[in-house]
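Two complexes are shown next, each including chain A; its partner changes from chain B in the first to chain C in the second.
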Partner chain A sequence: MSLSIFQNMGLNAMNKVMSNKLHIALYIAPALLLVSVLVFIPLILSGYYGLMDWDGIGAKTFIGLENYITGIQDSKFWDSALHSFLLAVFSTLSLAIYLAVSIILASKIKGADLLRKIYLIPMLLSSVAIAQLWIKVYNPSSGILNTFLRSIGIEEPPNWLADPTIVLFAIFIPILWQYAGFYILIYYAALKNIPESLIEAARIDGATPFQIATRIKLPLIKEVVSVTIVLAIVGSLKYFDLIYVMTAGGPNGASEVMASYMYKLAFNSYNFGYGSAIGFLLLIITMIVTVIVRKLTATKERIEY
Partner chain B sequence: MGGKKTLTVLSSALAASLLLTACSGSGSEDASSASGETEVKFMHLWPEGSSKKHYDVVNEIIAEYEAENEGVTIDLEVLSNEQYKDKLRVLSTSGDLPDVGMTWAAGFLEPYVGGNMFAPLDDVIEEELSDAFVPGTAEAYALDGATYGLPLELNIVSLYYNNAMFEEYGITPPETYEELLEVVDAFNEEGIQPIALGNRDAWTGSLWYMYLADRLGGADTLNKAIDRSGSFEDPALVEAAAKVQELVDRDAFVNGFNGLADEEAKSMFMSEQAPMYLIATWDLPNYTTNESVPQEFRDSVDYMNFPTVDGEGDTNSFVGGPGVGLFVAEESEVKEEAKDFAAYFVKAWGEQAVEKAGVIPATKVDAASLDLPQMYIDILDELNNASNITLFADVQMSPDTAQVHLDSIQALFGNEMTPEEFAKAHEDALSKE
Partner chain C sequence: MNRIGYFFLYLALIVVAMFQILPLIWLFIFSLKDNREIFAGSPFALPSEFRWENYVKVWDGGIGVYFFNSVWITVVAIILTVLFASMATFAITRMKWKLSGLVLGLFMIGLMIPIHSALIPLYSMFMGVGMIDNPWSIVLTYTAYNLPITMMILLGFYYTLPKEVEEAAIIDGCSIHRMFFRIILPMTTPVMATTVVINMIYNWNEFVFVNTFISSEKYKTLTVGIQNFIGQYMTDWGAIGATLIISVLPIIIAFIFFSNKVVEGISSSAVKG
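Showing the complex of A and B:
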């Protein structure tokens, strides 16, 4: 239906176009309303709250940019930002593994369908369930991981979630695991979209499977890869759930990320104004990074099969 | 064209319905009750699912109150702990607080009192509840000379231990800190992790620090450091932090305690993986009446007051504090009825809470008149003999400083901070206030 309207737009006379614009406005109105109320207005409000000295309950006092300046000078904020960026780097690197897995799954191997479903399972679990599961895995005394390490003769296995030097990486593993299925699903769909005839042609010309993967498949799904890179980086920068449940940013901030720091300030320290400012800084950082990444991964030519 | 027209109608109908719902959402102010009837809104945080006994006692009290006071109905809303906190905050910003609700002491109520949202209750205490509370409990709800909460619960912290495990290895429960160190060594030699501690939440580690500070510095040193008439750089407080690290270096606490939640530590104690556990009286049902805990385990658990340190300290001085208390909303339209109900509730709760819900109330209890497990009677005795109750440090401090305290506790236990740095972190945070 909506397609026909767009077609009419080009074909019909001026007064018709006007009436069609009303249509368009009506179509987007409900979505626009929802997005504005749920996304844009809170977004602007949090930027505004960032200008206030406010405990979230009592009266607000306008203090200008003080919260933002404190945020920029706050070493804890930059530590948490560093952790978020580390997560972004690891998420992006792990995309290569997901891509490799997808290429294998998309070529005709036995049980690919079943494997694909298995990879998707973590996606179906709620973050809190995953967090509880990995808390048990990492339990220093009775966890499956340390029990295994002790059984192969390591007497003092690490205290995964208590050791400030490794806790961050210990949490990265379930986060990457959690999203593996999502990216594999996207890559798999993209790879399945490549016409079989192209692969056939390459094969007849004598290309090895590795060459087919790197010279034909990869370039053809380049656009999808660039989208997933943006998704992975943005998702990492604003990541919150597993970290909040598994360590709450501890011990002593060793696994704090930007979003968990924001939460802590607003809801534990009752520093709503400052928390909002940190939230707004997080938004700005994420937007800047997104623009940069989009620029770097932009593809000029459009692929037509 | 016909299709397009239908669409226009449909979409405008959709838009209109959206607007309508938006209106009805904000327009649904609760209708005031029929004339002559007074409705007091009461919000509490003991849902039937997770706190059945609490929930039942509350309902009984409400039913009694309504029977005694014709024309007053209590409009009840029940939420679980975290949801309750969130809802209270949201309601407070829109000026819609329930007439009577629950609050925590000290730091928690500060912003609400600052925003003029809770009514002072000193008149209620003077008229109806004078001398009813255990000393130090109602005071925890006082700010700038006025009291804003009527405490319902009182918890004190004791060192619980598994007697069966001590006997099995022929180890005697410690009475002093020095003996505690020996006990720690003895259990470690047997390959048993001595003390269950879940320090991810950090208030758990804070209990250890607070007790060591109390024994070394006396009842007031820590309080004074927090209210700024003293300092965290007081030698006794620095020494207490050093003792914490001594315990850590002796492997007194279970592996990876900084990454464990209190619940996980509790389960280690309750599954007999660790013989000692420092926790407050809210856990008493687990060691006495809770049928889902094996009888054998409940029989083997005993408690002791925190030991003396370097021969110093008063074992009748406790760390603890009131849990939740009742507030009355300043903006309430039925303030007098609300106050009356709150006072009635506190009294009735005090009479029934221990026996029916296993909660030690903040009002004085006559243990002899009640049918209670021995451990409850002993703890109530301790309370009667208590020389001092120091309020949990993270509750005493403002939320901002409390966060610094909790982070520093984790760092101290994790040997990431020296006792001197620990003291300095507190001094910096407190001087900023």
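Showing the complex of A and C:
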């Protein structure tokens, strides 16, 4: 009896403290203020600045939707969007490789933990360092790639980053290298979550390892796979650092992506109004693609086991 | 599975490991060579003499300043981010108020947005308040942009904290601040460690904000600094290699000591998204 009164007193006191408006405001304010001022307000401003003719220093002149109309008719913008889209396709396809490696890694391999940590190392490095390293790898005369190709008898290996027909592919290889460990880590964790009993049961029923992988493991981690598809596609639409450092969008725009095109408009040509409009289009495109890909990959039923 | 099957599986895994690690080994080897040896010799041959002077040369040539800036900016932004994210997560998960769900949703939207869309307005805002070419613009931006991911990692842990702890503290007459800083925060040490490691990787490697907001050499961090620096030393491969190794070394060392935290942070920052 006395105990329950005591508990009630405690609950009342606690409710009072934990629903005190001043306390709540105090604890939420720093984070909310920073995110509102430095993330959300700039995003909205970007749409607004897109309506201006503005060089970033002088006065802004309202010109309505002119920048957006120019953007929609700008073939350079759509070329850069196409390159972003191609990177998204490459990235999504490469998930199959990561998935295959993860399935092998999760099948009772000794040293799996060490291997997946080795795979993860490139993911920890800055895109600038990765870009500089791969500029060296691709160096036409002394890079390891062409040195290797010449050693196996290819007399004139390509000049990877200077050839507009292959530059985008050449840029994709370091991206593959950078993110391999990340996706393998996610798939590996999901595969390890599958109860051993399910796989054992299938084995007793005479399923081959390949059947176990494709008929049991894959369907069970469908949800994780769809999350990674969203990550790969949305991530690709935002690529910037690596490309900006490796090729600056060149040669002749052959590796320009949406973010690098926007960046150059603003900070190289001082076309802040038009740059903002392209930045806002980038935001809209990313949002639309995210929603579409989520819808397409959504699994109908949550898997329970 | 039979032995031959396992042999091929291992072979495949080791080929992938080689692909991941060989470019870095090559980088380390050529950071200790001079150009003559790099251009003439075999790429993976050990240097005839280890030229550590490449490292001394680039460190004294300006990398030291960038390194110091990266350290302090990374550390200050981590402290602010983890503190503010912990406070906000505490308010959202443990306190009782109507708008908590909505505010949480707002933070989570912050996970999806492309930062480049906000770059021009951010630049003009900092310009307006005289904070362009001021390292605090970088610290605040890192804090703001890392809050959502940090909160996402913290959330799960805060939800599982037992109510009894708070109850007991309040019955004992503890103020809310004392309870948060003396009881709750210490209890979340394991998950805070994960967020610290993740924030360290993000801040240390960030490029575009520094490249846009900072123009003085004395404020540049490593990512932007090495960009210019490599321009200067365009033809000296040993110097470039040493610069890159210096820039990635702190992260690699952190990974060696805290690899489980890194793995935990990276997987929890992705899967729940």
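Following the convention adopted for this analysis, the second predicted complex is superposed on the first by the 271 of 305 C-alpha atoms of A that agree within 3 Å, B and C clash if a C-alpha of one lies under 4 Å from a C-alpha of the other, contacts with A are read in each partner's own complex, and residues count from 1 in each chain.
Operating definition for what follows: a contact is a pair of C-beta atoms (placed from the backbone, for glycine too) under 8 Å apart; a residue touches a chain by one contact, two chains touch by 3 or more.
Remember, it's a predicted structure, so these values are computed and weren't measured experimentally.
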Contacts of A:161 with chain B and chain C, given as first, second, both or neither: first
Chain B versus chain C as contact partner of A:268, first or second or both or neither: first
First (chain B), second (chain C), both or neither touched by A:56: both
Which of chain B and chain C A:280 touches, first, second, both or neither: second
Partner chain(s) touched by A:253 [first = chain B, second = chain C, both, neither]: first
Touching partner for A:30 - first (chain B), second (chain C), both, neither: both
Comparing the two partners chain B and chain C, which touches a greater set of residues in chain A: C
First, second, both or neither for A:41, with chain B first and chain C second: second
Touching partner for A:186 - first (chain B), second (chain C), both, neither: second
Doubly contacted residues of chain A, that is, touched by chain B and again by chain C: 23, 27, 30, 56, 141-142
Sites on chain A touched by chain C in the complex: 6, 9-11, 13-15, 17-21, 23-24, 27-28, 30-32, 34-35, 37-43, 45-46, 49, 56, 101, 104-105, 107, 109, 115-129, 132-134, 136-137, 141-142, 144, 147, 177, 180-182, 185-186, 189-190, 209, 224, 227-228, 230-231, 234, 237-238, 240-241, 244-245, 258-259, 262-263, 266-267, 272, 275-276, 279-280, 282-283, 286-287, 290
Residue ranges of chain A in contact with chain B within the complex: 1, 5, 22-23, 26-27, 29-30, 33, 55-59, 135, 138-142, 159-164, 167, 247-248, 250-253, 264, 268-271
Parts of chain C lying in touch with chain A, wherever the complex brings them together: 1, 5, 9-10, 12-13, 16-17, 19-24, 26-27, 30, 38-39, 43, 83-85, 87-88, 90-92, 94-97, 103, 106-107, 110, 112-125, 140-141, 143-145, 147-148, 151, 166-168, 170-171, 176, 180, 201, 204-208, 212, 222-224, 226-227, 230, 237, 240-241, 244, 247-248, 251-252, 255, 259, 262-263, 266-267, 270-271, 273
Touch list for chain B against partner chain A, complex: 3-4, 7-8, 11-12, 14-15, 18, 89, 92-93, 111-112, 114-115, 117, 193, 199-202, 254-261, 264, 268, 273, 398-400, 402-403, 407-408, 410-411, 414, 416-417
